[in-house]
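Before I ask anything, here is the structure I am working with.
Think of it as A, B, C and D in the order they're written, each chain with its own count starting at 1.
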């Protein structure tokens, strides 16, 4: 897990735009290769009973949902699930902060991807004033201890921050606003957040400083080109874990006993007319 | 809801293969138009507080997951969710059969899509012998009464059966077997089911006869061409519901106060090197 | 289940006060005998896998909690539990009315006692205006159908209404008000309900008329003397079910290998000083 | 919280039997006084939004259930609840050990009493071989850190160990075996545990040594006389918390408008005949 070191020697922020974007077809071919490896990883987790938790954090529009789908689409739902908690209920806000997240930690053989996570308290909640500065400070003290407990328990924990420059963020906000199929992704809070780009950056810096620990390091990934970002993140994740190839269960696929049948109905009901 | 009638005069099973397949690009353009209408529907549900439940049933490989994704991808997760229950626990198998499904019924403004549903008891459970014939018979007696309760309560309930000929099913099974990214979709039970295509058809006929009621009719949709099937099913669903267009909430999108910023980090941590 | 008939020929309301009250010691001896039979019943339920649901309804102070405790105190928590739902959340109020109750229906071998039940909608909700008259009317139409589904499914369902005259109710309210250990049982709603004794009675009459069905009859029990009420209700419940005596599992209780030991501590910590 | 110190200077184990037993009537009077104070405590918790968690541990028959009932009986269920987790499911056994306990931690204003707790892993699980020695060792390392997180978060945490000599334990086992109303409290595991009295004691010593911390100290209470034990434990708990008396909400109790009414029924249904 040479993440911290790689990170230090890694590319400068914003450099992503210097490279040409990954094309859709190139992306498709490369992501499928990674998805094959993800399946191998999933079989290894089930074989060993290990548990994998991946936290995906980053600014609005950074591409959290996209990379999570790229992973979950390739895997059986019984092995891998995404968790995106909605606003806590009033009662939940008075509980131990980690309580509602703990409920969703993986069991043996499972992959859980958190789309935003407990780090909300250091990000949106801090910047938008949904919690007090004392609550954020207390959270930043608790996190390394809490994560140590999980890691000591054998949980495989990875934390990714998806980086995006404001120019790209603005493009994506504009697209969400104009595309009727993406508009639901926009909330008034998102729009308020636009003007606070810098405040979010400062909150993130405080968070990284307090919670980038040897036992649970952060990995930053450039998502100015979302396709390249996804390929980079998944490649990195796979590289942290053994690539033990386990044989797939063989399944018999004998010849059908007769001619394939058509879907026929004994009763009066028939398929409706298909669209032209 | 002229479903029953349309159905009777509708196309014959298997005719789907007479038409040329819908191309990917044609599909993309047409499904997006439907997705815009689905957003309109979602706003109408929220405005009126109505609840929508859609049961998606059909043979293995028919395309249940695909049409559900086509709907959920376009809608905010807080408005619309898919429910695919896994095998009941031992304790659950002794409870009222509908109990674990009732938990997931929609609240005001919500769309719930059941990927398989209580009809398991008349399909896979009956054919594979996971329940007794008495249990299936009892289930078929209870269903119309249970669904009447829901509909009387104001729930909007739609039940779709996705039709697929065995030749197509075989093609898709073979594809799942050979494609490492689709292999997780195959279970030994699926393969056992291949040879029982006819038994499944007979079970389905009994189910349709017992549960195609005026208050909760079935709609059969040809999914031999899955893209056409999806377009047909979503078009049909939209046609059953008012197309009241409600104005979208207007959102302010003011100019940024200054030049867009880049993602910069105060500490030593930097994004890792992107893949080439 | 000759309940309806017995009921008609039964004692007049309020007659309970003609008899002398059951003394504490008499009660204790008699309830323990019933509790032994309840254990026998519980073993029979586990042996047969049957499920038992008992709804306990009645006015405030009637003694619902007391009779429920008399039953649960005698039985292992894994066999028997009481369910007292608190106020529904806002989201729950928009769901199918029975939804949150269905969650708590018993599994094989279990006894569930509902301390108030779905009948809230015909009682307190109707009288206090927490639901519309249409909602109550709709509820009263749905109940017999819903209960038929449960009974047809093999659930053993019993519904008890605990009767109390207003003079006794007033006494008990006054006691709750004056006893600091009972004051938490009083809510402002209870006190508002005092003046609506008659309205509650009328609501109950409409409820009985609509929901006293052959498959799920009501049983009224005089609780003017709470001890006698408890004995009567439990006796009645036991009489509706077979009194099949199943042998208890034999447990070995061999001699201890040596002299009994004292609780000793290796470390410095010792028990605190006991109160005098 | 002078627990540790008091403990050291406290009474010797087993001394409880030197005092005469607390009589039932004496107990009743004294516990009611404590229950009044518990109500005061509950109001203080609600007023301040603080959360109280009490772990009740001890050998079989020590009296855990009894002291928990003495507390919960006096308090509204919405303020105070007992949690007794049953055996973990197979999936739960592979999760983070604390996961299923965290779910039940109190929210603002709540009292939660754990009837056995996470300390199972250092007690019954260790002695009976339900977990590996490594799992117990890992648990004992995690506990102080985990409890520190909770306490730092403001949770009021108290841990009680109920002491009972083996002679008393044997008496109580014998009583459970002979009393048909108590037999359900006996499981085969309990009987196996009899012969391991000393092994349990050693496991408890290791547990105390590893987890008696300044932020979450243990308190040992002699339960050889269960009534005296209950009075001692509740008195101790109350003494650790402020005895701020908050005024009870005043409730109006106006005269009834007319003569108290009797429970009358419009329909044919009447109360059943009461037992003699």
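Just a few scattered comments:
Criterion: contacts are C-beta pairs under 8 Å (C-beta built on N, C-alpha and C of every residue); 3 or more make two chains touch, one makes a residue touch a chain.
Here the structure is a predicted model, which is why all the values come from computation and not from measurement.
Listing every chain that touches subunit A and subunit D alike gives an empty result. Note: the chain lying farthest from subunit B is D, by mean C-alpha position. Remark: subunit B and subunit C have CA centroids separated by 41 Å (rounded to whole angstrom). Rounded to a whole number, the gap between the C-alpha centres of subunit A and subunit B is 25 angstrom. Note: centroid distance subunit B to subunit D, computed from Cα atoms, is 48 Å. In subunit D, no residue reaches two or more other chains under the touch definition. Taken as a contact graph, the chains are arranged in a single closed ring, with each chain touching exactly two others. Contacting chain pairs in the structure are A-B, A-D, B-C, C-D. Considering their complex, residues 3-4, 6-8, 10-14, 16, 19, 30, 32, 35-36, 39, 42, 59, 74-79, 84, 86, 163-167, 169-170, 173-174, 177, 180-181, 183-186, 188, 191, 194-195, 197-198, 201-202, 204-205, 208-209, 212, 218-222, 225, 228-229, 231-232, 235-236, 248, 251-253, 256-257, 260-275 of subunit A touch subunit B. Listing the residues of subunit B that touch subunit C in their complex gives 49, 51, 91-92, 94-99, 102-103, 105-109, 138, 141-142, 145-146, 148-150, 152-153, 155.
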